[in-house]
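Everything on this sheet refers to the single structure shown next.
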Amino acid sequence: MVSENAIAWYHFSSPKNFYPLAGRLIPWFWGLAVILLVVGLYMSFFVAPTDYKQGESYRIIFVHVPAAWMSMFIYLVMAAYAIIGLTWKLRMAEMMASALAPTGAMFTFLALWTGAFWGKPTWGAYWVWDARLTSELILLFLYIGYMSLQSAIDDPRRAARASALLAIVGVINLPVIYWSVKWWNTLHQGASVSPTMAPKMASIMITTMLVMTFAFWMYTIAVVLMRARRVILERERQTSWVMEMVNADPQAEMKK
Amino acid sequence: MNQSSLSGMWRAMVSRDLTLAMRRRADVLTTLFFFIIVVSLFPLGVSPEMELLRSIAPGVIWVAALLASMLSLGRLFSDDFQDGTLEQMLLLPQPLSVLVLAKVFAHWLVSGLPLVLLSPLLGMQLGLDSDGIVLMMVTLLLGTPVLSLIGAVGAALTLGVRGGGVLVSLLVLPLYIPVLIFGTGAVDAATSGMDYEGHLSLLGAFLVLSVVLTPLGTAAALRISVE
Amino acid sequence: MLQVRELECVRGDHRLFTGLNFQLRGGELLRLRGSNGSGKTSLLRTVCGLLEPTEGEVLWNGENIRRQRDEFNSALLYLGHHNGIKSELTAFENLRLGSALSGGGVSDEQIYDALEKIGLGGREDLPTQVLSQGQKRRVALSRLLLSEAPLWVLDEPFTALDVGAVDRLARLVEAHLKKGNMVMFTTHQEVDLRAGTLREVSLDS
Amino acid sequence: MNQSSLSGMWRAMVSRDLTLAMRRRADVLTTLFFFIIVVSLFPLGVSPEMELLRSIAPGVIWVAALLASMLSLGRLFSDDFQDGTLEQMLLLPQPLSVLVLAKVFAHWLVSGLPLVLLSPLLGMQLGLDSDGIVLMMVTLLLGTPVLSLIGAVGAALTLGVRGGGVLVSLLVLPLYIPVLIFGTGAVDAATSGMDYEGHLSLLGAFLVLSVVLTPLGTAAALRISVE
Amino acid sequence: MLQVRELECVRGDHRLFTGLNFQLRGGELLRLRGSNGSGKTSLLRTVCGLLEPTEGEVLWNGENIRRQRDEFNSALLYLGHHNGIKSELTAFENLRLGSALSGGGVSDEQIYDALEKIGLGGREDLPTQVLSQGQKRRVALSRLLLSEAPLWVLDEPFTALDVGAVDRLARLVEAHLKKGNMVMFTTHQEVDLRAGTLREVSLDS
């Protein structure tokens, strides 16, 4: 059983076998993402009760918090892939890491944007230098640095390895950054406005947030698989299997 | 034998880079000059009121030191890369990470240390008191080597990359933030009579950690970049 | 002994070579042939361990060079398209610091001697940036006179050299081979090189 | 005929440099991010209090713009110098100063203009009000081309001279300072409800003067550097 | 007609040459000889107006080139040790932008044609930084195919080229001379070049 698993793992870690598998999985993840998103949005707008202090504007939380969670998760997953890719020289892991980055940056941006949007009615300002906000901003910088480095290097192999190294350095620093920013803020500002709401959130709200988080996850997986397929084609274009497939495709079209 | 050849290599590397730095004395002075100018721009750009200046002084000096150190990083490996000497270094029969550490040390001697020594003057200009000035020097002494060590990773990663100079700042500046926060935090704490030892020991811990870890990362990055 | 097994190199879309096998023993000279862009430089850099092969391996005394980097590096002298000298330093300083880095044991007289032999007498104390193209190349080549490494890997060592210098370098290579060492090189020029065993590898297909 | 070939060359030069900039998109973006990051360092280094931040905002943004523009200037001629294309430009049958102006214009389009467009966001982050923000944009729009034009002279002078960076800072920064003072002055005046038109017309005068004069200086400096 | 009168060049402490006189008429080929560091590059750059001579002058059609820079530049094509191509651009873009800068009038077909002829067919659309040393040199040389300038000044044009490319370049130079134009060049390699009038200037003393 274990060895079978290991073999399957090994099998699908080669781009050649991964490519068709990903192709088959993508529609499923898209489907799940859409269903969960519909359920989640329905719950956020119609099931969850109106907040007695903030009114309706608080509903943005159902996008904001899952997006903030995703932004951090994705960085961790990306760094994990980077480590695997560098230590075992697995090309597939390198490609997954680079496929994750844009989505991670997108969620970071979404968290910042929804947060800023929310901040105006609640705090009266789009931006305050709060610890959590600041560290989210720094996370965005890390993502952008990762992507810039990758796009600045032409050779795809070198680009993947250099940016993997950067992701690892970043992940070591991330807790230090988070923690120092927190300390910095509490040192300077006694009682600062902080984005924590009522201590006990209604369980319906937690459920809604979890549903939204899962929706985001499914979306992430679908998008990342699609991006990984594109990266595979680009990086493996000189291999025989890609050439065969590219040459075979038009014929398959014609038969249809 | 191995140990003695390692220390011989260390000495050779440091003396090579110091010789080169002396040949381009102008370069070393630029870093210093940049530091001074950035700090002096603030009274001009912000406001000449002493009260305001004093309150922003630690932040301004630290940010200036951080930018100056980052700028000087551009040249840490790029010259060696372009003329092919870096290639030759990768082919030396000694561990690359030790070599890298020696290079960073030499670099700090000519670009970090002078900032530390100059900072009291600038602190005075911005109206810091003597306690603040002493603490500023101590934090810079602990912090600038960390900046150089972290920066080396970024410099190695962006070697030969188009527009590497500015890219390096994008990669490295977010990683500098903890050092900045604890550096200025200590000075602020001292000037407001609070306890600052926690900050200092954290800075020390950063230093130890980065001496141990970053040379490995830099060495790996160099191997990737030279491909 | 240097062995190359089933080596493949891919750059961008181009597979430069694949399934490349050869070996080089003491006293042997290997000349790499190939037109512009056929992958000579890439092969030489792969042999030195600067470039990672996409397939295959390079062995030194039977073991992969990646697993014995320090041993292999101390047996290797590589000279690439770049000269690998610092333009701010004089020729003499370049050689002195270079030899100190790679383990030392070279005296100042030996360095002056080498520079004299390579035809840079009188220019030892100029910063190399003011030297002419060919003089810079000579500074790089004088490392050959100071090194004890048994394996020389030379990428177009004759470029920019005048006739006299080309001849001097050819004699140097021959002397190195006589001592039972190995040389691997490439050039587009016709050079008169006599060696015990001359191997040729061609990358044009 | 001469005029049409001049404008043809202008277009060719600008489109060449814009193409190159698009190839190194990372480069363009990094200047921007450098700007953003430097501005964001100040709250971290100085203090997160909005009141304090608002009062130093114009100075901080202007200093950051000045540094970003100075850094990006490093690459204005140096790439062309190293690969020999600058040599070829000197051998073109057209006046070098026009060529230089075209290059600086292209450079400003990709490195100055984006800063101007981005400044409102940063102004908001530092708590500037909308009047201040508008004026900030106007002053940057007038000021950043002056920075590029003046900086070009410095960049050309440092080409030959190794690490002539000091020379550049010495030459360039004193000339930058009036721009900085009038730029921040205008914003400060506006936020405190005073008259700012004098500042703006002075900035405009700087712009006209530097368009006329600096290309000649830059061209002369290039000829010297290429020897 | 190019005339050089009593030219002297001093670099650092070394007087490279002094009292140099020669002239070059239509259809003539001038080969500069000299060992490494004898001042060939310095002389070529002086002739182009990139370097100011310490004494003497360079005349084009009887007038000093410094007093007619635009006219002289439009009659000149210089190729130095550096290739003068942008590594981020493809070979095609390099040539197109280059010709637009120097006055235009070259069509895309002509450029593709030139690249094909110089042996870069199939690599026109790679950024030149990934090309090999010799391929980069070829990109620089294809400017010769597109230019109308009567005076070519070539500093070691044959470096890094393989045998086929050397031969192609030699034929190109011959054709240029046949049209009544002028070429001034230097090389350390032995190249078979047949020209109506071959002049030689040696800088070794």
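Every chain is named by a letter (A, B, C, D and E) in the order it is written, and numbering of its residues begins at 1.
The rule is short, and it goes like this: a residue touches a chain if its C-beta (ideal position, glycine included) is under 8 Å from a C-beta of that chain, and two chains touch if they have at least 3 such contacts.
Keep in mind the model is a prediction, meaning the values are calculated, not measured.
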Topological distance between subunit A and subunit E, in contact steps: 1
Contact-richer chain pair [B-C vs A-D]: B-C
Centroid spacing, where centroids are CA-atom means, of subunit A and subunit D in whole angstrom: 36
Gap in Å, rounded to a whole number, between the CA centres of subunit D and subunit B: 26
Numbers and ranges of subunit C residues touching at least 2 other chains: 11-12, 81, 88
Residue numbers of subunit B (touch at least two other chains): 24, 161-163, 167, 170, 173-174, 177, 181, 227
Contacts with 2+ other chains: residues of subunit A: 141, 144, 148-149, 152, 155, 181, 184, 188
Subunit B partner contacts - residues on subunit D that touch it in the complex: 23-24, 26-27, 30-31, 33-34, 37-38, 41-42, 44-47, 52, 55-56, 58-60, 62-63, 66-67, 71-72, 74-75, 161-167, 169-170, 173, 177, 180-181, 184
Residue numbers on subunit C that touch subunit E, as the complex places them: 11-12, 34-41, 81, 119, 123, 126, 130-135, 137-138, 156, 159-166, 188-189
Contact footprint of subunit A on subunit E as seen in their complex: 127, 129-130
Of all residues in subunit C, those that touch subunit B in their complex: 48-52, 69-71, 73-74, 76, 78, 80-89, 93, 97-98, 100-104, 127
Subunit A residues touching subunit D - in the complex, by the definition given at the top: 125-130, 134, 137, 141, 144, 148-149, 151-152, 181, 184-185, 188-189, 192
